[in-house]
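By written order: A, B, C, D, E and F. Residues from 1 in each chain.
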Amino acid sequence: MKILAIESSCDETAVAIVEDGHVLSSLVSSQIDIHKKYGGVVPEIASRKHLEIVDRLVLQAMEETDLTLEEIDIFAATMGPGLVGSLLIGLSVAKGLAISLNRPFIGVNHLYGHVYANLISYPELRQPFIVLLVSGGHTEILLMEEWNTVEMVGKTRDDAAGEAFDKISRLLGLGYPGGPEIEKAARGGSPIYSFPRPLQEKGNYDFSFSGLKTSVLYFLQRNPGVSVEDVAASAQEAIVDSLVTKTFDAAQNLAVDKIAFAGGVAANFLLRERAIEMASKRGIRVFFPPIDMCTDNAAMIAVAAYEKAKRRLYSPLSTNAVPYLSLDVF
Amino acid sequence: MKILAIESSCDETAVAIVEDGHVLSSLVSSQIDIHKKYGGVVPEIASRKHLEIVDRLVLQAMEETDLTLEEIDIFAATMGPGLVGSLLIGLSVAKGLAISLNRPFIGVNHLYGHVYANLISYPELRQPFIVLLVSGGHTEILLMEEWNTVEMVGKTRDDAAGEAFDKISRLLGLGYPGGPEIEKAARGGSPIYSFPRPLQEKGNYDFSFSGLKTSVLYFLQRNPGVSVEDVAASAQEAIVDSLVTKTFDAAQNLAVDKIAFAGGVAANFLLRERAIEMASKRGIRVFFPPIDMCTDNAAMIAVAAYEKAKRRLYSPLSTNAVPYLSLDVF
Amino acid sequence: MKYLIVDTSSRTLLLSASNGKGDVSLSLKDLDRHGAILAVVIKQFLDLLEISPADLDFLGAGVGPGSLTGLRVGLSTIKGISLPYNIPVVPFNSFDPLAEGICFDDFVICRKGREGHFYWRTYLKKRPGETLFSSIVEIKEKLDKSIVVCSERNEELVDFQDYRTFLLEPSPVLMRKIVLEAFRSGKILSGLDLEPVYLQKSVAEINWDGRNSRKT
Amino acid sequence: MKYLIVDTSSRTLLLSASNGKGDVSLSLKDLDRHGAILAVVIKQFLDLLEISPADLDFLGAGVGPGSLTGLRVGLSTIKGISLPYNIPVVPFNSFDPLAEGICFDDFVICRKGREGHFYWRTYLKKRPGETLFSSIVEIKEKLDKSIVVCSERNEELVDFQDYRTFLLEPSPVLMRKIVLEAFRSGKILSGLDLEPVYLQKSVAEINWDGRNSRKT
Amino acid sequence: MERSTEKIYELGKMNIDQLLKLAGEIGERLCGGETILLYGDLGTGKTTFVRGLARGLRIEERLVRSPTFNIINTYPGRLILVHADLYRLGNQRELLDLDLEDLGDDNTVMAIEWPEMYRPFVELPCLIVKLKHWSENERVVSLSSLDEKTDGLLSFLK
Amino acid sequence: MERSTEKIYELGKMNIDQLLKLAGEIGERLCGGETILLYGDLGTGKTTFVRGLARGLRIEERLVRSPTFNIINTYPGRLILVHADLYRLGNQRELLDLDLEDLGDDNTVMAIEWPEMYRPFVELPCLIVKLKHWSENERVVSLSSLDEKTDGLLSFLK
């Protein structure tokens, strides 16, 4: 079964073709360059670029795979969460293709896409497993017991981990998106400052990153000439430390021996390093999507759509963009 | 499961409510009086009367059963064969009701309705059985092996048995419909004339009644003062003799030990008499619908719809009237 | 105000519906299968507008003149929808929405019936006259040459080349307009009493009687 | 001629389609969910008209001016339908079908954009001028008091009480008319090159830059 | 209907075999697009004539049955034979609803019993068959071709 | 927006507990239909203030999270609290697409971070909260009530 998926929930336009869970093509046309100068995503510009590029990207995927659109069995797109104006473009093009070729259409929850990105490298990965979903909008420890349901074990109480990276990057005068910028800067520095790691009580799997943001702000105010690299390394250390400790504690407590990572922050190298260390210590297996499958991409959407398609769970053409889609709906 | 069915394929408007195959109400508002003066069905007038009466008839059925329309689970109507203008009225009202109450709609083949009329009296009747379907448009010996398929064993090569009754009635100057008129006249006469019974070769289960029609015509021309009653009795004898002999031969040959009768002509008393005689002689069980379920009615449509409903075989709202619907489609 | 209005008197099916906030105006021209299509589009648009039929304030139905088969499909569907909740029905002459779109003072609307015959109705100073069914010869005898002949189909206007002619476009929007006005002035009846304008009646019977005498 | 035409630039979704014999004209007003509705009605009517998308001779798409979100839904759906078979697309200015229904000599069509701003285009002797996006103050400075101001919404005409005003009714029939003419005169492009009329562009950027400087 | 060249052939009395043979010969010569109107009282053999046509069209003869009730029967063969019986139709509206014209094309032959009502709509090429009772086994037959094409069908009579 | 009776309350420096208490007191007095606009730079405590409002509205405090990414979070309680963050919105079109007005009714309170763009659309009753950085643990707080109803909320300050 060949699925073509479109992802346009935020700042990347992405198109992928996946056959029975196997990625044939995954294209991402990042708009980050455009957004960089504004220090964040400009929805108006994002939608515009999506619209300009999305169908050419579909054609490019067809060329790359040497397939014709008629050979595609199902068309999928991200239906949320994300920016309405951006989501609608991928959704509408996918629906248009489905109508034109008389194929089913499947709408996918972007967050499940991140979770299922793990199946690309590890098709053998089976429920139950713990997921640490860490992205711009999410920081959650999830227990996935069934293919289409997750239970929340812990979550951020304020800012998401990615949001923390982004906002701290801004405070440090670094670029957008903050994650890679801080990671890069951190390489040139050392984590010599200790920023807060709140909620450390045992059995508490929630996170809090808003204090970190203000800590950094005032630290910078108090220490005007401080090395940006050292602050970046220290902030990163604080975030990663919280994430890893709590996630492993949760897994151990729930007696689950697999942890999958998902979302843009899962691309963070320090996070991977620390997780692998901890995994071997605690006898838990960890799964990371390929780096390019951590940040937004369409292959993960296609793979998630495949899970629905196998069960013939198609979506109606009335599927609308849902900007704040929760984890309740696959 | 409560089904309300509407039958308006020809000259009777009929409404019935059937619960799980059990008739709660069956109303027939015959238009025959109107048509009598024209010696046949006047489609224009038929549709008009259907439209005037159909919804009042539905209300009457509701009153009679002390139910409300909201308690009906499914709406059904005859979709063919029949006159388009007439069929459309029952179909459209049933669809309107289904839309209004958000219930499924089921379109029924009138001929299967006639066959299933037997289930009203004999709910235990199970396939396989032979059906003699004899009506104005049909004269067929059918083998029903599955609930929704029949195989044709024999059929008329020209006029249908009911058509023969109607046309001969016309030649005799009797009224419309011909069947009951001839039956009534025959009671005052004797079958002293021998009219042709063609295709009598063994193993031939086909009928032919067009020769009978001309035989009677010329017999009347040659014998101007002859008793109409005697001719009626003789013609009826010829028709019934053909029907019974061939049907039983077919059953015996196919080793089926049940014969169900269906269609307007199955109301014929002579036919029933002869069939019962023959049945006891040959060790075959015969089934006759109640007299009022032989001619057109809606209870048989509801009972047939129930067979589909049990299997959740609902019809789309695009179901159109099919004037010459064949036996291929339930 | 929630309503559903249909006109199936011609080869153009008109539908208008509202859920009180948004509305739909639909015209389906020459699809030729009112029997198969009407219920489908009604259901589609009730669903799209999220109207539950029980909540309808009224139904509207064009009662002709026009195709009797078309009218029967429309009226019997409306009867079916009306029945469970006794939803009042606004009947309207199917020529009135057409007339609404014409800006001449004096005109006549013609619609083809059986071969050589037309349904017709004159509108003098916008006031409608009687709806009639006549042969084209008869109509021309009665019509002043100054009147504008209006019809929905070019083929039909051809018969009136000696008149000023005007091609109508049936509009669901004008249909809604006249039905809303009628509803506001209380022109409603029960679905049970809904029936088409029967003008061909006598013709049908004469026709039959003629054939009948020929046969026997 | 088989075609499918949509305009999603305003709160009234317009659709017109034909299978070469019959056709459909649909307007859906104030349903507010183009994103959820457009694909549904397109599919419904392609099915109802028994049109297989591969057989479409062309697609038509209103490119605005108007709601960018609405336009993006319309244009990206049309892009999706066009892509597999490379079906040519006729783009049209969304004001043109509106202008088609106006019988004044000189008029201007206005459609609300962001608060206090309008998209507008003058038509002098029926000839369209440039499509612009300006604040209401700016527009009034430029508009002669003799011109008739036309808009689809009464709320918008309120801003022009000092002018003669006219309330427009968006019509899928007029939309079809202008698109058929455009198609016949060869005004087609590939779906890949379809894009909306971007008039708010500079405003969006100014807006952003303003906020941006405020924040840092 | 434009009557270009109506030619009438009075064939006198015929028994059923002759009638079937006549119809069969015509059936063999049909090339699609023709309409055959069958006039005649009850039992004069209209349906029988159609059975003959079917034979000439290599249609399984047993398929041909009286369409009085169904109004239209359709039989596949060398050409498709559309067999209609308008006996039960009450008015033209009902007739128009049948869309008879839509059923006909170049691969189709239409044979219509009780065609009085259809006459105003018939298109050329068209052949008219008139049957009258004579005796139990004989009918008086006349044929009229309304155009050159159907007249060609009857060349074997000359 | 008609400014009937704007009243400004400069409350000076507050620590987080004071801020939460202030917000909590306001939250307790909310009766539905109010809009609260929260102005202030990164990390000044807008989301924190909303957490205080939630407390006063008997909403489980843990539900309150930064809506920066989601743009809108909704929390059920004594009244429904709609918590929006317009930080990421680029233009008014996107804002209008959110249908914020549609989310508000008499059982709802709206709290909006980064509300600059929403200002032209806001309806009364409306309360404005302005937060400024002072020190790591203190913020300078000012409140403005734009109407009598929201001014009533602040009676405890007098």
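Here are a few things to note about the model shown:
Here is the rule we go by: contacts are C-beta pairs under 8 Å (C-beta built on N, C-alpha and C of every residue); 3 or more make two chains touch, one makes a residue touch a chain.
Listed by chain with UniProt protein names: A, B = tRNA N6-adenosine threonylcarbamoyltransferase; C, D = Universal bacterial protein YeaZ; E, F = tRNA threonylcarbamoyladenosine biosynthesis protein TsaE.
Predicted model only: the values in this text are computed from it and were never measured.
More contacting C-beta pairs link the chains of A-D than the other of the two pairs A-F and A-D. The most distant chain from chain F is E, comparing centres defined as mean Cα coordinates.
Separation between the centroids of chain D and chain F, computed from CA atoms only, is 38 Å. Chain centres here are Cα means. That of chain B falls 30 Å from that of chain E. Note on chain placement: the centre of chain C and the centre of chain F lie 57 Å apart, centres being C-alpha means. Under the contact definition stated at the top, the residues of chain C that touch 2 or more other chains are 37, 40, 68-69, 200, 204, 208.
Within chain E, the positions touching two or more other chains are listed as 90-91, 93, 97. Along chain B, residues 42, 44-45, 84-85 each make contact with two or more other chains. By the touch criterion given at the top, residues 33, 35-40, 42-43, 46, 52-54, 68-69, 72-85, 191-192, 195-196, 198, 200, 204, 208, 212, 216 of chain D touch chain A in their complex.
Interface residues of chain B facing chain C in the complex, by the touch rule stated above, are 38-39, 42, 44-45, 47-48, 51-52, 54-56, 58-59, 68-70, 84-85, 88-102, 316-321. Considering their complex, residues 42-43, 47-48, 62, 64-66, 68-73, 87-91, 93-94, 97-98, 133, 135-136 of chain E touch chain B. Those residues of chain B lying in contact with chain E across their complex are 40-46, 81, 83-85, 135-138, 155-160, 162-163, 167, 170-171, 206, 210, 213-215, 217-218, 323-324. Listing the residues of chain C that touch chain D in their complex gives 21-32, 37, 40-41, 44, 48-49, 169, 171, 173.
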